[in-house]
Amino acid sequence: MSKPDMKINIAGIELKNPVMTASGTFGSGKEYGEYIDLNKLGAIVVKGVSDTPWKGNDSPRIAETYGGMLNSIGLQNPGVETFIKEDLPFLEQYDTKVIVNIVGRTIEEYCEVAERLGDTNIDMVELNISCPNVKEGGVAFGTDPFMVEEVTKAVKKVAKQPLIVKLSPNVTDIVSIAKAAVNGGADALSLINTLLGMVIDIDRREPVLANIVGGLSGPAIKPVAVRMVYEVAKAVDVPIIGMGGIMDGEDAVEFILAGATGVAVGMANFINPTATIDVLSGIEDYMIKYGFNSIEEIRKGLVISDF
Amino acid sequence: MSKPDMKINIAGIELKNPVMTASGTFGSGKEYGEYIDLNKLGAIVVKGVSDTPWKGNDSPRIAETYGGMLNSIGLQNPGVETFIKEDLPFLEQYDTKVIVNIVGRTIEEYCEVAERLGDTNIDMVELNISCPNVKEGGVAFGTDPFMVEEVTKAVKKVAKQPLIVKLSPNVTDIVSIAKAAVNGGADALSLINTLLGMVIDIDRREPVLANIVGGLSGPAIKPVAVRMVYEVAKAVDVPIIGMGGIMDGEDAVEFILAGATGVAVGMANFINPTATIDVLSGIEDYMIKYGFNSIEEIRKGLVISDF
Amino acid sequence: MKKLYYPTIIEQKQIAQGIFSMKLQCDEIAGTALPGQFINLYCKEHELLLPRPISICETDKQKGTVMLVYAVVGRGTESFSRLQKGDMIKVLGPLGNGFKIEKGVNIHMLVGGGIGVPPLVELSKHLKGEVYAFLGFAHNPILVGKLKNYGAKILVATEDGNVGFKGNVIELLDKKDIKGDMIYSCGPKPMLKAVSEWAKGRGIRAQVSMEERMACGIGVCMGCTRKIKKKGEKDWQNRKVCTDGPVFWSEEVIWDE
Amino acid sequence: MKKLYYPTIIEQKQIAQGIFSMKLQCDEIAGTALPGQFINLYCKEHELLLPRPISICETDKQKGTVMLVYAVVGRGTESFSRLQKGDMIKVLGPLGNGFKIEKGVNIHMLVGGGIGVPPLVELSKHLKGEVYAFLGFAHNPILVGKLKNYGAKILVATEDGNVGFKGNVIELLDKKDIKGDMIYSCGPKPMLKAVSEWAKGRGIRAQVSMEERMACGIGVCMGCTRKIKKKGEKDWQNRKVCTDGPVFWSEEVIWDE
């Protein structure tokens, strides 16, 4: 049997398949290059990059939860210049798309990073307005439709590459946020970022995380993520990159059926360094089993019975 | 060693211990009476009751998720009159407090149920403005601070018993919702209700639930619940009943440390019919181990280091 | 008494492609279970929290054993199939109401489809009079020998004609055209619906054992409902498969979903 | 090479109250691991997803075995302790940077506290010259015999005076006042901090093996950072325990948290 066609198209850019990495869970790809062939990925989404270096939050930054984890990294990163100098040349060796997740404390900071990246040949920019782990910026931009539209507009104006806006799930109405991003000019949406959570060590009687609260990811949040992708896909016309608890190909298919064009693998990388490749072959298996010829076919394949 | 004092006080009503049942997961107590001594519970919170009988949603109404479950019951119940005639006499036999969860499609309907219950000797009313499974009322009241305050005020006016308001976690800012409920006259708050989620059967390519989306509960959501209890406890002065994924005494202690006065056990009942009693003895063990003399002491026992 | 038990698995074997039989040592359930009741099985995997309802296929009160027959269709049943003799399993039961066994019924018609056959086995042991077992399968029949041993007259249909009549169980019913006094049926929903119509057309009373996704299994969560309209009621109600059923009178079930 | 492996457990035993040693058959890790490196152990329970980092206590390159010594402190380590000889376990490793073994160092001082002692065992086998092992425990010493066999001079302190010197390991260091050329230390953070100050006061260079909660273990998640200020740097940076460490030069660690 011939291999199914797994190509997808996001904002005019063709990806060889829908499998990407979730920002912040794959570094800049180097480390996982020891375990998998990076050429096989649809895209590598690198960790959040800011204009100047950010130190991130204090440790502990990680807590385990039932079927998931909390993180409160706080977007530690060496800044966009270091990224361009040290990580980008590595990524450019590979035949995969490079998407850079950008962060900022103010609209100006977001714009600076996007502008600076405009001089490089990365493929897309992912605007992170949904990180729950920083006090300024981050999620503050992501929970109010007006702010979402403003920051999207501003970044879209300066960005040379297509713009993905990454949405926070910690909102009452994800659809209004998604629409605001699209109104602001988003070429695609990615969701979900982490849910805000907290774990208390009952023996020490203190929060496990130094930052007290952190972002919940992993299989525990998958039903929330699938629901949000489904709701947003019905409401907007731009492509969606779905994520949240994807551990295998079947999970990924669930997101595509919910309306996602691409999928991203996050926490699963920590449990299985070849998770991305396993997800990829799992999707392929599903396509072969049910005779799907394209990702688009799966995406349109959900049947809603009229009960 | 003498048994620790587990009494708590909510709106002037003394409960012998903090362990309650989460509405909708314990029926009206009869069924679990075959497994446990209902006299041992701090309170029994019965399932949502409306003015007239509600048929609920179509089946399937249950889907399993990683470390949790979705339900889309849609508040099926035989109505307040039947509840008073058939369930209440059973509950009155027991030496435990009875809290009735009330639901409605309009403010008037909520008020009718609360008024009708005013003639009975139930102990408290829990206003459910957070059920994600009904189209009208339910969560619509629970996600907008203005509406929360309105409905709380209206019900408070007619209710003869102390009023607990049950909050939805599907909101951007739980604290503003909590404050609105308190402004409206809530004597206590309970949280969290379920997170909105969805599961797709990838082989049949359709949502598992007939209602498409449903409410997520179980250990998977515990970090979100603990975080919300923590945030709300810092912001309001009324007692909080914490719930969401409590499976054992340690989970319950986590909620009390986060700021809850009482705790409620939901999905755990389905996995272990004696879950409530196990939670109770787990809390007691913790108190003995660490020398706590009251629930209040635990509740004030969280240490936030200054990193 | 219906309770949580932790019985030992004393036998586990594959009886057909993807179908397993598991025998539990559980005197309490064996001693009290009625034909048509089910038990809730819990998975060892803590990410799979909900119990799986499985019908009691057969009990041996003397030996205190309970036999289950289940198909591997997902993670839970897959996990059960990996358990071995000597392992313990957490179960809750016996649950639900069994088949009604009425006096004055002489010709019994069991109608089972695929993995719906198991509960008919225990039932067949309790019926007095003539017992016909109409059994439909896709390809591989199961439990036929057992039903035969217990005295049922066996009529098998397979969709591909592998064994017995080629076709489905309704076609087989049509062909044989036996007029029993009571039908007891368990199988996929479309089959139950067809059996229900077939029975109605011939004026035979029928009991159907229904399935629905469950959480508690004991009647508290309202998760497992089906639309049921009891005799004399003006409108249907969502009734619980776990405690109002799983066996219902076929004419009370609203099939139009 | 650092990779995922599924080695078989060839020995599991309790060596003290709540402390277990586990031996794995894993030629690849045994063949390449350096003293001070660790491996990530995965739990069989799927609700516990994150791996647990455990130091390599000892390897046997000939036999291809890896020894771990761990304390049961939570669900993950509790789950490891239930595994038996013959069971498989998923591991990733070897991870992190080991202790630096420099030429010209003649007097080595190992300073271990409790469950920090294990990585010092393999290290001791690689050191040439005099090796002193200062070992502090609450009550029950572990691995003392092994370190002795490998030629270390043993100095034990227990907090309750159960064995050896009564007091903590710093007091023991003070008392013995040996002036080594290099300290290698592993144990709880307050101990490492005290060792660091002790070493500084005496002008002895010290390496400390740090712990932090981890997710990936391979340097991508930025979850495991500690404040480190390298020589010549103006300000500290959050550096990764998993790949920049776990062993750091004591004078580079910002202790004031």
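For reference, chains read A, B, C and D in written order, and residue numbers begin at 1 within each chain.
Throughout what follows, a contact is a pair of C-beta atoms (placed from the backbone, for glycine too) under 8 Å apart; a residue touches a chain by one contact, two chains touch by 3 or more.
Since the model is a prediction, treat every value here as computed from it, not as a measurement.
A.B. asks: Starting at subunit A, how many touching-chain steps does it take at least to reach subunit B?
C.D. replies: Shortest path length, in steps: 1.
A.B. asks: Would you mind naming the chains that touch subunit B and likewise touch subunit D?
C.D. replies: For subunit B paired with subunit D, the chains in contact with each are A, C, in label order.
A.B. asks: When the centre of a chain is set as the mean of its C-alpha atoms, what distance in Å lies between subunit A and subunit C?
C.D. replies: Each chain's C-alpha centroid was found; their separation is 46 Å.
A.B. asks: Can you work out the whole-Å distance between the CA centroids of subunit A and subunit D?
C.D. replies: Between these chains, centre-to-centre, one finds 36 Å.
A.B. asks: Let me have the rounded angstrom distance from the C-alpha centre of subunit C over to the C-alpha centre of subunit D, please.
C.D. replies: About 57 Å, centre to centre.
A.B. asks: What parts of subunit B, by residue number, touch at least two of the other chains?
C.D. replies: 58, 63, 66-68, 219, 307
A.B. asks: Using the touch rule from the top of the page, what residues of subunit D touch 2 or more other chains?
C.D. replies: 46-47, 257
A.B. asks: Which residues of subunit D touch subunit C once you look at their complex with the stated criterion?
C.D. replies: Residues 45-47 of subunit D touch subunit C in their complex.
A.B. asks: Which residues of subunit B touch subunit C in the complex?
C.D. replies: Residue list for subunit B touching subunit C: 24-27, 31-32, 34-35, 47, 55-56, 58-64, 66-69, 71, 73, 76, 208, 218-219, 267, 269-274.
A.B. asks: Going by the contact rule set out above, which residues of subunit B touch subunit A in the complex?
C.D. replies: 58, 63, 65-68, 70, 143-144, 170-173, 195-200, 202, 204-207, 210, 212-213, 216, 219-224, 226-227, 230, 245, 250, 253-254, 257-258, 286, 301-305, 307
A.B. asks: Contact residues on subunit D for subunit A in the complex?
C.D. replies: 1-4, 42, 46-51, 92, 212-226, 237-238, 243, 257
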